[in-house]
């Protein structure tokens, strides 16, 4: 016991040190609890001129530092705080620095799908590297290819097992469940979800009529009639697509409708929309904190599963130089 | 006329110079013809020790060089030849160097979808950059995100319009056409194809049963019964998926079946499979040369559309500093 | 005339193109007017998930692009917008990209003056470079050494002449003017200011008593008794130092007190403080826009000089490959 | 004993891990045997589209990885396999990665000896670095200067001692031995060889008559008459130079002729040529595997010395942070 | 005891190894004595063609190397020797390399204060990085911002406490001491010095009259009449400013005058000037060696405090991964 | 004429600008004369603290700058001056910067021929790149492979034709001329020299007896008896090898002895040695200036050929984007 305890505290990368930014303090606390390693002290000050200032309470020289910071709203402030913390660690001669970013912002800006636009996800990856991260850790990227935007190694984890395990427990109560991918970009992952819970899959198809305006024609491919539906997507932003999907499956004869999503972005009208929809459950994770006023509106429908044990375990293994793939029998 | 002629010959990037590797000489020739600019002379020697040696006939100092080389089989020889040519241009002080790679190899190795595997597409991007390319040009990447693997700018073009225009002309002869995406990873692009030719879409779903073996359960989502089918995919490699798809749509009542794909990779058993299938047409492009012995086997079914005018026009615009997006009304 | 007109439109770096972010639209407009070159069209969208999206209306291939964006509050949003615009230009194959940042944020975080803190100004410089800027342009950096944080070349301009020229015109009305540097870090530049307007200099000295708390003991070194005072500093943030300075010079017998500063940061309590102080004039520039509600509070005291002709002239010279130093007889 | 055993298994660079590509499996096995460390499991798959895919059986996080892969024919496939393996190690967060390349390809393309040609050896060095190697290890580079093409540190070893020790044992049987350098570029190393075995040196001189064609006039400088000759060169490719040299020394009165070379490249006509020549012994190493059909043709003449103990010992010392120079009393 | 002993000898960065260049052998020896770690052997040869050649006596593979070399006159030879030593360590696969540069040359060339001049301090920082330093250590940079010129982390120490502690002991003998900053660029640090010894501060102000010639008008701001003066500056080069300052304070009624400076550059006329001035004490450090002929001229006035314990302690802490800030209660 | 004149003044790289460091002012002047382009004004100041300071008289924004500076003794001062000039050009936004270094220092430190030594030539290449050179130009590198140390392109020229043309004119007066390579490392180039003037070749062989001391046994391979000898080497440093060679060829019956070398390094005892040797002619170039006191000692024996027309012509062609290879019919 003593040995193992010691093992994850000193190591070829130095001692493990956990730092949290201000974006997801509860998740950071849960990870620390899982690891039985306290969060290290740091001051993060936001001056009246909108500048952030960071100071570490103790030196991280030669230590194995993990900076936990999600990059949800306010996105730019949270991102900059992450970058400043990473640079501070580097300038203080940390042994190794891992950026732990449960939700990576700008992941949807991942290609030039039309001319003269940015690929902001690559910019974000570059910024994380230039600030000083030696490694990164994140969950369920919008596109797996974003891994290739980094030249540093990383652990791109998934809450997939967490979510499918939860849904599997619900199955006895569901009648003829069918998984519905709310977006064709999620078709392949939706299929995997369906296969894991041994259910069929259906797709929502949207077609633009004319220029760059909103999608207009929406149809469903596959059968949802008289079935319990599980709508899946990687993130729920304004809940526009989800609204369309719920209405469409209902119009096509669906019974109970559930929503499963990893990242609860829940921008502006999302909570209003979701609370108005005939949803049985909204199953999601804590990669992004849901403020109390929002979670209250969603009430009993909302089920938040914590990714802390997953992140904690991977941090431990990364620190100890042990396989992460093993965790998933891979 | 004289002015325009002059314009694409001298320029802020110097004079336009086209070089071709040995991988797609005919396509290179077609591009040169389109541009009315001759291919510049170079020796490419393959020594008996398997080493490639390149020598340019004339200097490219301060010139705007385009190196045309596709990276189909033999992949590594072709890739290395491209890299050596790029370095030769750089060492000879070219003004600007663009790698024109109609088919970019290793694009399917674009993410770590399981632990302990490479992301070879990123490696290839890095190699093209380190060899000396200032820009790159390619067509229909397997995943648009691969653009973000490059830190140099590039033009990622699409043969989409070429193919849809061709298919649109066939439509009067087709009965109730339906587009079928042979792979769920192509779902979104398949939908766009279908929308452009104003046809419905259906999907082939494959599920693995058990470990990392071949997909086993295959089903179709959407309706193909008594319809003329257009199977679409970005590339056809061994034609395994296509075979499955054709058999499945036939089993589900499809009438005539056509295949549309950008990149005719046509590895090992592909040609045998395709020639044995009840396909009406195989519509593809010349991003990869199809050797005569293969095209003969496919016979009259095969329709190869040339991407040369597209690449030529974009090379011209890149050289002249004019918009490429305009070409597509974007 | 025609020739000159043409000259600053096409060039070895391509055509001049001005783009503005959303942070200082009026200054950008003034620069454009000075140059008689219109601001190029772009969409900058802020989505409800706090993400910024940029799209250029026309291609900038091979052109000489200047992106004008100040980085005042909201600092992180403005900075990110700048970076995204820079990357968009790069990915669209601009010929040369210059970041024009009238006020560079985080310039006060320019060294580790205590352990375990960041040097955020270096991080910002790195971010501007990695996003794609080939050059940068800014005014009156807090410390000139920040030039060395960039590895790209830049033009670090100064509003010094603009401000001293203005103050020189006031001199006939002033009695025994004395320049007072509000901070010892500005001692050398304060001395230069004083020398240029041919006035003596005095200094405010602050001493901490005890730990890292607020400065407490404040004294004046030099003579201000019965003199008209010109307090100078590079920026006015919360106006705390200025308040102390004004009170101190008044307590030491100063007559009329004026404030001269390049960058009107004017955070939270600044405007309230300044409007309450016995200041005759507040002379500053438009490197940071002062919102109407603030300028109204400051009323007739406030004199904003525009840096647009200076930036415009330097952009022109940078584009034409002409000396900027000449502008200042250097 | 236990301590030593432990020492080369865990270390400041983590545990030692040996991986072999597919190019020199026997040499890799011999190194592993020398080190008493097993080769780690990996899958290397060559798909029908000519793409290579790699998967490690176990994680290498934080470990000290050595990837053994020679880059002989098929050169590009072997090189790419090396690069992909290196990247896979890097993405799996290896602690340190050393590319062990017994024979480094393209080492003869090491300078621009005429205009408009590549320096492919530099390109190869860059590729090895960009793929993720932290260090490299190789033997007898064609030119020692190639060390300077890498910015990572490396161990460039020599089989010199192995070969001279072997030849020294033959000396009692040789009459008036003389060393002959088959190429003037090998003059200095040939002299060192001769000095070590305490024999005189002679040189083959070739002169081109006219343009870039084959060398035509060949002469010998120094005395070989009635002497036993040892022809030395760093590698034997097509054996063209060796053939000339053997014929020339024979024509000048040489008795027995032996050939000593580090790298048995043995391209196309080499084996035929060598087997037809009046050579007593061909002494070489296993930096490049000689396939059975070739070694059979050469029969009893061929003596292959293994570099495995040398590479093994240097890997051990590199892992343990001990001097390699000591090995050679340097 | 044994444990501690062991601790600073082997470590996650390997064993501690001290190397000295030829620029400050005595300081290097004092640091070695403090650490009880011998200086490692190396040959540094200066050939007759002015080239430097370095050879390490033993390997530094995997070790934690500190290269001690100041960059005083002959500046370029000393700098190049430092760079060559750093590269030698890197090529010999050192585990970590720290450049310990007590006095960093070119620190006054830290910004473009006029057009068309270099920022040589940034160039020096880049050269130290490219040569192979992973970290750097120096004392009292002319401007703290130079830290931001490095992208590697560093420890920028200060002899401030050493000097103020020494001066504090002199205080009982001084009458109404006042600190005088010899240059306005040192105003802030001069104020800190004064605050620490609890004395008032005064400033020397110099004004240029006309172009880029020497400063001409010199005045004092603050009161020195009938007081004992402590002139402070970061370095004394030709002692021109100090001469002016001493004369000016004397002319303004100063009693005894002392000089405190970190870096005794003492170029050409400095020693003559200083020995002629009415100075009571010249208090400095050994960041730069003062040759005997110079120290004799300065005689009893000269007090050199050694920075060896400070550097030694920080090297120890850097090696052990312990906080340096703690040393100063920060 | 007017057109050509104009052509080498404005260009896609801007206007041609020549700058000279202080190391080879006469050669720089000769190049300027050849090009009919004046040397641009710059101040190079050496301060009493041994620091160099540079200021350009006029801006080089957007211009095509060539900095001419050889790196002979004082090597480090000359090298640093080159680097500072390069950085100054870069910071002043030059369009393109070429370092013209007729003699590149440290070229003999080009590989690790024993453990624990530097490869200083690579370090020098890195320094030239980091300082800001976009291209380099030099003559007769000690090893052609040094080209591969640079990642920027360059023109590595040769004075070979200049020297062989000169020697060819001497041939009618020589009896049975034979070329002797003074060092085996120059064997191949010596052979080329001999072939070009259609003479046989002989070699000096030196063997160390024992450790790392001076070479001791010296012999000649080939025939020099009763022949006029032309000793060739790339540079003459202390003239130790040359002395040995002259004595040896004389002892072996040589008649008249001439020395041909590109770079007259002429360190410490060289001039004394050379003036004492029975040499008929010493034929060299002006890549390194020979101070009058040295050239007087060598008197009429010394023949210095200027490389200025060669460098001038290549600068012109590089500027105009024309082939350099053409110059040599390559």
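Per-chain numbering from 1; labels A, B, C, D, E and F assigned in written order.
As a working rule, a contact is a pair of C-beta atoms (placed from the backbone, for glycine too) under 8 Å apart; a residue touches a chain by one contact, two chains touch by 3 or more.
This one's a predicted model, so the numbers in the text were calculated from it and none came from an experiment.
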Those chains which touch chain E and also touch chain C: A, F
Note down the smallest number of touching-chain steps it takes to go from chain A to chain E. 1
Neighbours of chain F that also touch chain E are C, D
Of all chains present, which has the mean Cα position farthest from that of chain C? D
As a test of understanding: of all chains, whose mean C-alpha position lies farthest from that of chain F? A
Taking each chain's centre as the mean position of its Cα atoms, how many Å separate chain B from chain D? 39
Would you kindly tell me how far, in whole Å, the mean C-alpha position of chain F lies from that of chain C? 49
Can you compute the centre-to-centre distance for chain A and chain B, using the mean CA position of each chain? Integer Å is fine. 33
Taking each residue of chain B in turn, which ones touch at least two of the other chains? 12-13, 58-59, 91-92, 112, 114-116, 119, 122, 126, 323-325
Those chain pairs meeting the touch criterion are A-B, A-C, A-D, A-E, B-C, B-D, B-F, C-E, C-F, D-E, D-F, E-F
Touching residues on chain B, where the partner in the complex is chain C: 12-13, 135, 153, 317-318, 320-326
Using the touch rule from the top, collect the residues of chain D that touch chain A in their complex. 12-14, 58-59, 61-63, 90-93, 95
Given the complex with chain F, which residues does chain E contribute to the contact? 47-60, 73-77, 79-80, 83-85, 87-88, 91-92, 105-106, 108-109, 112, 114-120, 122-123, 126-127, 130-131, 237-238, 265, 267-269
Any idea which chain D residues touch chain F in the complex? 110-116, 119, 121-122, 126, 143-149, 151, 156, 184-185, 187-188, 191, 195, 201-203, 205, 207-208, 221-222, 323-325, 328, 330
